[in-house]
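In what follows, chain A forms one complex with chain B and a second complex with chain C.
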Partner chain A sequence: MSEKKARSHKAEKVIERLGQKLSRQIAGSMVACVHCGMCTESCHYVLANPGDPTYAPAYKADKIRKLFKRHYDWTGRFFPWWVKAGSVYTDADLEELKDTVFGKCTNCRRCSLNCPMGVDLASFNRMARGLLVSVGVMPEGVAVVSKDQWEIGNQMGVLKEDYLETLEWMAEELQDELDDPQADIPVDKTDCEVVYSINPREVKYDPRSISDAAKIFHFAGENWTMPSEGWDMTNFGLFSGDDDLGGAVARRLYEKVSELRGKKLVISECGHGYRSTRCEGPNWAKQDVPFEMESSVLTMLRYVKEGRIKVDKTRNTTSVTFHDSCNNARSCGLTEEPRELLNLVCTDFREMTPNRAENYCCTGGGGAMSMSEYTPRRLKSGKVKADQLKATGAKVVVTSCHNCVDGLADVIRHYKLDMEVTQLVNLVANALVIPEKAAPSAEEKVAQEKVAALESAKPVALPLADLKFVVADDEPDQLAFLSTVFEDYGATVVTATNGDETLETVRREKPDLLTLDLEMPGLNVGDVFETLRKDPELEDLKVCIITGRPELRKLIYDRSVRVPEGYLDKPVTEETLLLTVRKILGIHEHET
Partner chain B sequence: MPEALSQQKPIEKRIDGSTVRLVCADVTEADVDAFVFYAQPDLKLGSGFGTAISVRGGPSVQKELDELGPIQTGEVVVSGAGNLKAKFIIHALGPRFNEEDTEGKLRTTVINSLKAAEEKGVTRIALPPMGAGFYTVPLDLCARVMIEAIQDYLQGETKIEEVLICAGDRREFKPFAARLA
Partner chain C sequence: MQPSKFLYFCEHGLQEIALGIMALVYTTRIIWFLGFKAGGERQAPTGSGDADTRKGILYSWANIVMPWAMESTRRKPFFYAQFVIFHLGVTAAIGLSFLIPYGHYLSDSREELQEGLLGGTAMVWFLQAIIGAAFVVAVVRIVRRVSDPYIRAISSPDDYFSLVLLTVWFLSAVLAAPNQFAEGEGYLLAFFILTAFFLIYVPFSKISHYLYYPFTRYYLGKSLGYRGVFPILRR
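And then the complex of A and B:
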């Protein structure tokens, strides 16, 4: 009876493509569930929403399972009422399915681990996402990120020139810091032992992690390079369920390493990047990979154990805990090496409970950070993680995943925890014992002392001296933090706390830089930004967005005016803030 | 070992007085009179190549588009290209996400793009694999329909001298190369 109902073209396509996606693993998971409820308590969404059964893994699974039963399993075809088989008919049905598969599950696989029948919900939830994506039904953020990765070659739409410029910039910073022109970031060098691939987030928001890695490779004496293309080791195909995207991205990376004749691909700290590139990629790309692949966690650990770098753990004395990324720990078994490395570079490591494969999701898994419409749900589910973090009493949470860095930072901010997030690469770089250079000759020593005496006689030059900044933010703490940092480094700061005041202050002060919060009272911040951009007297104004709500980026980026020169997510550290501002204003460290 | 993408040897085919050239390159950076951008109905540049156009071309492109949208599938509009090497961008709305009659709509979109370029006096035009990738047009279908449509168009009366097909990677290059060989 119900099969005679008209079905929309999109719904028809979803049903048709479902048949093409049924592997033995998926079909097994579709039929094996006995609704025992063992999975229920394992889901962080359920724990944060105890009265809402729609978050239960078995309930979510049934939304997809009913389609399989109705169309591909004989019991459901003949007795749909008996086995609760069902179908999708309208575009609204697909939207409802979207809400479940994208908005109520991060594909963290914790329920799969706790299922006595071996049902792998995450695998068929991912498949369902892929079916919806193929007919254009997806959260807007998923569309934006997927399109960037398909067409620009990386998830964040970082253009090639910006990527190369950032590498060059970080290499110069490193050379200045070490006073060593040999400390370089080589690009497209052939026949290297290591080709290093990164997450585009590192280029856009966290370039310090690139120079920290470069510092480690440098002191390890590694023959290494970074690729000019195919450098993004992340793969949004894992999150969107689009196997074609997964294959295309993996192939670009593999082909580039082969082109450079690299012996090993080292993948920077990123859970889904590691899983996609090392474990899933060869299947999506349908090709063998003729070189080794390893996580940078293993590389760094090896360097320490082989004595290629020396570390001093007393340089990292703040208490730290470790958050296991779901993809690293549950899907790839990478649990012991990060702990071994942490214990070598930190003095006070405290285990989080539960941990390893039983750890809870950071809330940012499965591409959740890009789906701003579900942010309130995500943050509510973060209560589980927040409680876990708080119980450790640590001041720093370390994780080997860029998604987790953002997810944890959001949870920490939302639940007002007194913690910071960092990665192993930062801790290892900080703990590095830098070999002393050969002692200078007597003449050199005299000359150096003369130069030092002259330098010390000069007034100390502050990096932001003679610059004027307008800091626009309605949060008093944030306003005070940003203003203090800029003033400490010599800038003159004028503040504004709403849209109208920002417009007026910038027009009056004509600053070198405006830092702009996206959520302030008064005039719409997007309109303020556009008005300033269109003002011919403010042509040289540089703007850095600093926001705690990435979903508001549309306010700025969809306008037909020049995009902001910089973008930072709150919370911002002093180091990241200064690095970004110096990059925007073109001020090198040695100039300070 | 594969060659560097940028050094991938172009493939050329002469069709009457014109040339179809297949290269591995970023379509937004092509040194041509115009290039095709696979647009959205509201003509918002958005992400992907849209990011490249906004950042490299500047804000004038979106500003022009704000006056021209929305458009229907198969339709194209032409804007300036801001600071990019090309003079014009042909914004073409082709079939998306497995919609009905993908093949027919793609053919119409390719032909309309070439016509719009011709009307602007364009002699060298670049196209990406239209609709492949994010918009789910299967790559083999895309290559077949695009090459057939371009071939049909160039066999008629035209002032277009060169059609550059810009593949983003080897995966996109191969099916076009097979059709042009």
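And then the complex of A and C:
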């Protein structure tokens, strides 16, 4: 039987499409490796798995390179065994390749920068991912996220109404906080100087970063807007290697900015979003972009330098270090501006070693956060990052990347580091010197005093008063923390520590909100969630997932029932907890 | 005293045929390689305002002589020194393969060459020292390739064969360097036959990496220079 006949349909397509994906750069990387092994120790997977050569960049590269050698290179065509050339024949071969290109590499590009020959493994690893994706071989998470980005327009499946509602919500929060009705989040305003695009993670898990950015734009007096559609600056095409998806997502964003006649597209802090939108997008979309694009880090820095916003660094006195996102540092050269800004808004900045383009991956790069099957491997490789973080002695790690926020949070949690992760936008917003309003006239002052006297005479209304919460968690510390916070704000709290108890307690108490840990003994938490969702008596029940195991999310989100109203990663702060709970329950800040 | 006809053929005719084949294969290789379309960049440059494609390319090319530029070479100075010695040895042995047959054009006669450029003089010692050191490095590299599990896992028969062959070639070059054909032509014949074999084999093996080096580093430097990544900042 000939080799061609023995190949599965998918394998056949992979070989066929390989030729279409080969650029001169990729072909160069395929032929130039001399197997010197200099790249080996540049990879965090290798460092965390001593003695296992299957993680070595050159080894992983050879898994892809062998196809090129077998089908394109002379020696490999005629004497394949001599140069270890080979092909893929079965779907199992493709699965094995998938394990390497998705599960053993985050495309961080660190090895590329350490190769004396200039072999860019990250680029052709991405190409190999694209080949596999084109025949439907990919981790489940990659399939789900890609589908969301194709069909819904953003990689987290955030619906337009949820997005707009969150913007509205954050605008109201900001107005309440600043007591200024002018502090707004404009949507689809035309002819603005700045169109601000964000990561859907901000809508779903971190809306505070949206209001912080809005606060900065407001005080900078910026003429800005956010688009109602095409607002997702992330692009899963970068991770999946699917250039068609990459082009489609980039075009959506560019077209919306053009439609709004925006002068500049500002990209919120996100490494892969910045790289995809700013650097790769025009190439994937095969179109020139008629407006400027910049990272919000540069925007914020410019505001400070131009005196458009004033900052007081003494408001951020906790020791901080900076984690360079791989995409920012190794693919876009964005390394100095974040540091300049950090030094303007923090009093104690400590450099991480190594740093800038030599920094190690957060472990969450290359879409790794969406591939739950590789989580144990990812967390093990996080040892390198954990050691690096620990050595700084800092209490906070700042990063300009949402992916890194999640990756680092996981590493911090797994290695039990006493650290928090934050972004520059949060630090800048915290350091903002808010101009004092003009002093009130004598009459206004008297009127204000009267109102204040009346207010103080009223009993203090706690924001969560009259609400009943069920807190389900098997960790006593977590249970105590959540219960205390909710009770301090007036809620009645009933606790549950396993799956069966949660089901029983919620049915009995019919609470307004259930906070649900994903890993508890007893009945499977996913089943508990589904049962509660299907209970007609609990139609109004709001659920907020609070978990330290994000890889277990699919226990909940893969079910054909209404998704939870909220999601939080542990460790959770009191501020984030309250903000999320208020959002879920529709309680505005002024009501508190 | 003149070398035998066979040695003369090995030093001249054989080398010219092998060089011709090599040039032909390399030319075809380059044409094949350039047949792949080069990707370009449509976006505006990134980096801290001083992104420069040209600077990136030069930096990338010069990487080879800047061991401090890459962490992989910075952390392994001994390995980098091996790399330098090994490649100097290759250069010296290649030089020797031209010097012996054609060096006499610099002199009046083959005898003069023996007495002059390669006549037990400092030049012979110099070449032998470089090539000999390269031979030692090559042996170290064989040991490393066999004993290091990471390197063993990525090694192909071509890797082993190329390295062993180079090692033997270095040895033959050390022995052939004095060019004492009157005392026996064995070393010289071994050296020139191996050289001819190499010239034909190299384009089909990993040893042809030097052909691609300027291209791979050019494109990496071009892209990363444009994006403000190269030259890498370390503070």
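Keep in mind that, in the parts below, the second predicted complex is superposed on the first by the 586 of 592 C-alpha atoms of A that agree within 3 Å, B and C clash if a C-alpha of one lies under 4 Å from a C-alpha of the other, contacts with A are read in each partner's own complex, and residues count from 1 in each chain.
Heads up, the rule we're going with is that a contact is a pair of C-beta atoms (placed from the backbone, for glycine too) under 8 Å apart; a residue touches a chain by one contact, two chains touch by 3 or more.
Because the structure is predicted, anything quoted here is derived from the model rather than measured.
Colleague: Overlay done on chain A, so just call it for chain B and chain C: clash or fit.
Modeller: Fit.
Colleague: Have a look at where A:Val145 lands relative to chain B and chain C in the superposition and call it first, second, both or neither.
Modeller: Only chain B; A:Val145 stays clear of chain C.
Colleague: Does chain B (first) or chain C (second) touch A:Lys13, or do both, or does neither?
Modeller: The first partner, chain B, only.
Colleague: Who does A:Gly281 touch here: chain B (first), chain C (second), both, or neither?
Modeller: second
Colleague: Pick one for A:Leu538: touches chain B only (first), chain C only (second), both, or neither.
Modeller: neither
Colleague: Does the superposition put A:Gly136 against chain B (first), chain C (second), both, or neither?
Modeller: first
Colleague: In the combined three-chain arrangement, what's the angle at chain A toward chain B and chain C (CA centres, steps of 10°)?
Modeller: If I round to tens, I get 100 degrees.
Colleague: A:Leu164 in the overlay: touching chain B, chain C, both, or neither? Say first, second, both or neither.
Modeller: Neither partner.
Colleague: In the superposed model, does chain B or chain C contact more residues of chain A?
Modeller: After superposition, C is the partner touching more of chain A.
Colleague: Between chain B and chain C, whom does A:Leu523 touch in the aligned arrangement: first, second, both, or neither?
Modeller: neither
Colleague: Enter the shortest inter-chain Cα distance between chain B and chain C once the structures share a common frame, rounded to whole Å.
Modeller: In the combined three-chain model, chain B comes within 19 Å of chain C at the C-alpha level.
Colleague: Taking the touch rule as given, give the residues of chain C at its contact with chain A in the complex, in rising order.
Modeller: 33-34, 36-44, 46-48, 51, 60, 63-64, 70-73, 75-76, 79, 83, 148-159, 204-206, 209, 212-213, 215-217, 219-221, 223-224, 227-229, 232-235
Colleague: Give the list of chain A residues in touch with chain C in this complex.
Modeller: Residues in contact with chain C: 22-29, 31-35, 37-42, 46, 51, 53-54, 56, 58-59, 62, 74-75, 81-84, 112-120, 278-283, 286-289, 292-293, 329-337, 351, 354-358.
Colleague: Flag every residue of chain A that touches chain B in the complex, lowest number first.
Modeller: Interface residues on chain A, with respect to chain B: 9-10, 13, 134-136, 143-148, 150-153, 157, 159-160, 188, 229, 244-245, 247-248, 251-252, 255-256, 258-259, 261, 533, 558-563.
Colleague: Quick one: which bits of chain B touch chain A in the complex? Just the residue numbers, please.
Modeller: Its residues touching chain A are 1-5, 26, 44, 46-52, 54-56, 58-63, 65-66, 96-100, 128, 133-134, 136, 168-171.
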